[in-house]
């Protein structure tokens, strides 16, 4: 037995430390003084990797008895669900992440780090995980926290039908309180990514027996909800009894809802909010030279997916998807739609962020209009093809659709765009039904997730209805083997396979943006915005 | 008390509604250019309509043509109104947008005017229960702010060009019908209509030859007003993202799409917004002219 | 007068009921299965059916309508399908905010519009009139979202005087709210300004032509007295009606402005609800909007009747 | 810039009442405004002087003229309802002027207001003062206007058609009031009117205005006795006087119409319409000559006219006069016809279960019209005469009774009448401006009856329509013209032509001349009776003007409050006795003979509301010959007089005659 952390050291190193970006007063001062272009600033952050890590540490070390001052006002999209089992959006996770606690957090280096669980042990066969829980934790209602709460929470997560965690935790055969503050998980099969699964977005610990989590907030987290005004804002104050010494360092966090990212950015500019994380590239670049605001971006593995249903015409002819891939100019899309922020896509969900698994030799063929036309003609679409492209109305997706329409028009594909509100598009399973659609996928700490829910035969969110025996076998290998080399090989094969016949196009991976008032320091961006941690954030303004 | 005076008066404008068929049109035409303001309005509307038809001929670039190398450019000789974030020529898109607005707002208005006229004529002429029920129904539609009704309907129909068209017809038909009905009620009791009834004229003749022509002038003003509101509605729905779909060159949608870029690409927002304003003002000015024509 | 009020109120109730029917029908036709929306993507058919049964979604539509209407009247507006929170307090809170913004707009916009309208009307076709009319027309041509963005650009970005965002906190004092109200109120004023001032101008011009003005003038009254005692008294009647109706529009119709400024009013709530197919919330907001609109119309009628003695005869 | 009034000179002395007579379009209201120096934005006084009490009004500053307005010069306009501010109580409107002009305190002004209202014979001045203008009757409104004018004891009173918009009996009462007030004042009065009868009754001197020019100015007696200008002669000859009948003489009429300011040539402005015009008249504009010491006339040929050598028009028997026809068979028979409306209720009222309010416009009328006969139907507004007429043709649906036309029983609803039945009865509407579809040419309008009612082909209909146009003496090129090119009289000719196109058995003419000028009115009346003879139609002729009815009709029915109260031979109108209501109506017709001193019978109160008729005799609350309880409780019986009239009254014909004779004697003595 060894501390689980070591298992992943190699992986972490490969992942690269480029993830990190720390927002510091010093840096922002520098930005104001010298930075001319957004590009420069990003480079500064990349160059300062190691230092960044230390800064985070030093920030945390500070004086532990610091008074809690300042309220961080954050702009986010309105939330709908507050019960951790049902949350999904960035803003919902962000709220829950500060009201409740996870057992384990994944830090910005993709290391599992302690939260409610202070340490953990894995059995040799990889089937038993034992977690020690922090002492002195109390619920917001004053009652003490115990292992029973963890057991109850995980039983709820894995037995409630129709929830995302029902499948995720199907591998768990038992959760037991093996001590007052010790809990043991038993698995059916080895899962190299189990600690990451324990840190799933929904795996926030609720008090045993809670029935009204969809209307009330009783967590152990760093902030208590003072006022929730649906569709408008949620106001939180520091939990004075929080179990991590010296945290949180803020007196409160207000999350103010904005339907409109442009309005949020205006508010940031006008000093009415302090932090915005969801914004288009255009808005992000407009904030570059604004005094008093520090901007930063980090790469993520989030991406927009263009997928064609492969189980019926026209997508059941591989030549059609091949032609569409050839018709797509990924570089132009990255430059125009994302204004160059982020990374070029290679039609697979295993992006360059996972540098242990990303295969740099897996490059989709360059754009070739003639070849695409020829393929379409072979497939029986010599006179062109008419198809509707469905897309949610958020982010740069309508722009992506507009650019694709133009690019594909050159090969004779006449695209009609249908933009729907995100909630409508995802709300009624329409996104799983349509032939051609664009879907946004958030960044995850490890790539297996995408394969399991999106691409293996019969996967729940297999929106392209992709079914390929070779792929399924490769994905299974990658997801269960404890041999890292085997996994790397499988992921490489998968990337080549998807470029060749996967009914998906991934033109780019996002960058995660953040812009914060200089009144605050100590914030690290997270590739998944919802998991941004406000505990170390300090008020340094006046 | 000797009183002696010599007086001169300028008579009211000698324009009148219908001197004869030909000169009636000439008179209308004259009236639409009678003052500087209405002349300006009429000119704007004429240019707008012409542009709507010949946009493909005069636009220097395609409506969705994306020149990546030219993206995000300020107005220049190559791109009079600059380019947007996707490298589309704003000038060309504004030109194409004219036809989008004309055919959506214009046809929507025309359809609403037609439906409203038909319903208003029948309801006003028939009177009684038919009239009562129609009017109560319309009251209930009009009890909702137009945009609210439009949003509800679009929620039901789903966002698309056709939905916007249908919504416009549903939202504006009651308004037009009420206007028409009120004119019908006043015309219905006039001697010439009663004379026609006494002469055994058919209902169609009475409605369409006796009553309708008298409704037409009011209808013209109403249609012009509706049209300017329709432009607004189409633009507002585009702005709220529930109307016509991208990459349509709808002016409201263009403003919405340009909004995140306003700091860097203000021209991409300014020109379509100005286009909306100018056309709405033009239509309003022309409507004033039509109104004056009626009052003369 | 009493019978007049009662009659108008009866009429109002009737219209609101009919409108509620229209709203109910439209919202019933919204795509998506309520049970599916509530229970989520993966709920089983049995769970869906149980939910439908429990919530009366299987009852005939007229029954559902009747129940819904009664619940609405008794203040039992149920819970939001999306946020699960009780609807009544949320809608009332937004209504308060909408009223606040409407009140602000009226306070500033109405006197300004009326004064401009009067000046224009008294100086028909002269410089003052042309200036005001062209100004009003220009504003008429600008959609609210453009006006709002322009105002943000000027007052927030360039001058830095006023906040661009109006998401007022629920516990903020009026002094804290005030700066956030100004820009949206200004934007709404622009719309009203054009509308009311044109109406006032037309009223003044029309009344100036009436024979009673000649009577008053030939009585030897000073011009000022003729204008203030005679002309304005009558020409403001239609304007006041418009104002009352605009108040209804301000409460319910500021959808675009509220979204531009992120102002927590009914309009923003409505867009939120529609985006999320939140049926009970959509219905509640729409009904509140309709009732406010209808009440404003009633107020307009009553004020009109109060000011115009002729109406009461009817 | 076009001159509306030119070269106008006039002198009015204190205590003098000057009548200014002119038809519509003559510029008389413009002139009145100009005299006060009050002009609308489009008008301007471009020259001349207005001397008032030693001051030139045109030279005064605007504040000086404001001091004169309302204090020294006052104005009583034509339409009192629109001249009063609708949203201010009338008392305040009177008091306001008193405060400003007389400097009275609020209290004093209010007291004085009540006094003034009493002076203009308002019986309940307190209540009236507290009323809004629309709450009081038209006669009352005009009295308030008069009170307003008298408050400042002015030096000059301008009266602009003060009684034109009023009903006959009210008009008579207001005229009576004015006559007394004028008699008791030292002010100069300028009385503007188109009505020669009113001038004859009220004024000392008369000026005749034609197309913006003064054509004749003379003392009243001289003018009526010996008019020197052809236009004045024409006007006088075209007035149907009480007792004149079409079988005696045709009315004279002046052809053509008043030229608009653009059409005025360089010669005599009246020359194009003047039967006496010679070349000189067309080339040279006549001066305003002093004819007699006290008179002026603008005519080149006035000496010949004065000498009696020539005359333009005269009151002479006309060889073309229409012979009255002996009664034949009954063409139209009305039996107990009722027209009742249920007032429209809003849905909410119905929901609230309010009782429906019923209104009876016509309540049990029996009438018959013979072949070729003209039956006149007279009564004040609100009497139900128009409802009755409309029920006959089916434009309103009668609620009871039978209507037989040529033995055919007509259905109440228009839609249930056959084409044949429609063809039998046609209607001429009151307002010629609304009678023709402005969007159809005259030709199209005239073709329609041939096509729809006669089933003719388009070509035939066209030819017939052209013939019809000629028959109503309109130029052929009107065929393709739209109605807006036509004057009111010409439009009415077209409307008449349309009605006669199918030679209907029955023609209903609803006040066809009431909106027309006197000279035009005469020609329309002549045309009507001529066409009627040609088509051998019966006619139901409706008018509020007994003189017109008496001229055109063979028999006259008088209607009051939904019922017929008297049916009489029109030639018997001047004779006695009459129903007391008829008597009042007759006394209210102003005579153009200045020698006749009229004693107007003033009726108390207003015509009763159609929602609540009085019990018993419906006239009893206003009847000057009210007997007592019987009138109040018992419906009066029909009685037949010696002259063949049928009267619905409790008083016996003999008693009536005696009482009415006494009335005349009193006046004479």
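Labels A, B, C and D are assigned to the chains in the order they are written; within every chain, residues are numbered from 1.
The criterion applied here is as follows: a contact is a pair of C-beta atoms (placed from the backbone, for glycine too) under 8 Å apart; a residue touches a chain by one contact, two chains touch by 3 or more.
Small disclaimer: the values here were computed from a predicted structure and weren't measured.
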{"item": "Fewest hops from subunit C to subunit D - one hop per pair of touching chains", "value": "1"}
{"item": "Between A-C and B-D, the pair with more C-beta contacts", "value": "B-D"}
{"item": "Centre-of-Cα separation between subunit D and subunit B, whole angstrom", "value": "46"}
{"item": "Subunit A-subunit C separation of Cα centroids, rounded to whole Å", "value": "41"}
{"item": "Euclidean distance of C-alpha centroids - subunit A vs subunit B, Å", "value": "48"}
{"item": "Rounded Å distance between subunit A and subunit D, as computed from the means of their C-alpha atoms", "value": "90"}
{"item": "Residues of subunit B whose C-beta touches two or more other chains", "value": "136, 158, 242, 259, 262"}
{"item": "Of all residues in subunit A, the ones touching two or more other chains", "value": "421"}
{"item": "Sequence positions of subunit D contacting 2 or more other chains", "value": "347"}
{"item": "Each pair of chains that touches, named by its two labels", "value": "A-B, A-C, B-C, B-D, C-D"}
{"item": "Interface residues, subunit B side, partner subunit D - complex", "value": "1-12, 16-20, 24, 132, 136, 190-201, 209-210, 213-214"}
{"item": "Interface residues, subunit A side, partner subunit C - complex", "value": "78-82, 86, 161-163, 166, 214-215, 227-233, 235, 254, 256-260, 263-264, 266-267, 269-273, 421-424, 427-429, 460"}
{"item": "Of subunit D, residues touching subunit B in the complex", "value": "1-13, 30-31, 34-35, 39, 42-53, 58, 156, 188, 260-262, 347, 393-395, 414, 419, 422-423, 425-427, 429-431, 434-440, 445, 448-449, 452-453, 480-482, 484-485, 495, 498-499"}
{"item": "Residue ranges of subunit B touching subunit A (in the complex, touch as defined)", "value": "64-66, 68, 71, 85-87, 158-160, 241-242, 245-247, 257, 259-264"}
{"item": "Partner subunit A, residues of subunit C touching it in the complex", "value": "31-33, 36-37, 39-44, 47, 80, 82-85, 90, 93-94, 152, 156-157, 160, 163-165, 167, 169-171, 180, 259-262, 264, 268-269, 271-272, 274-277"}
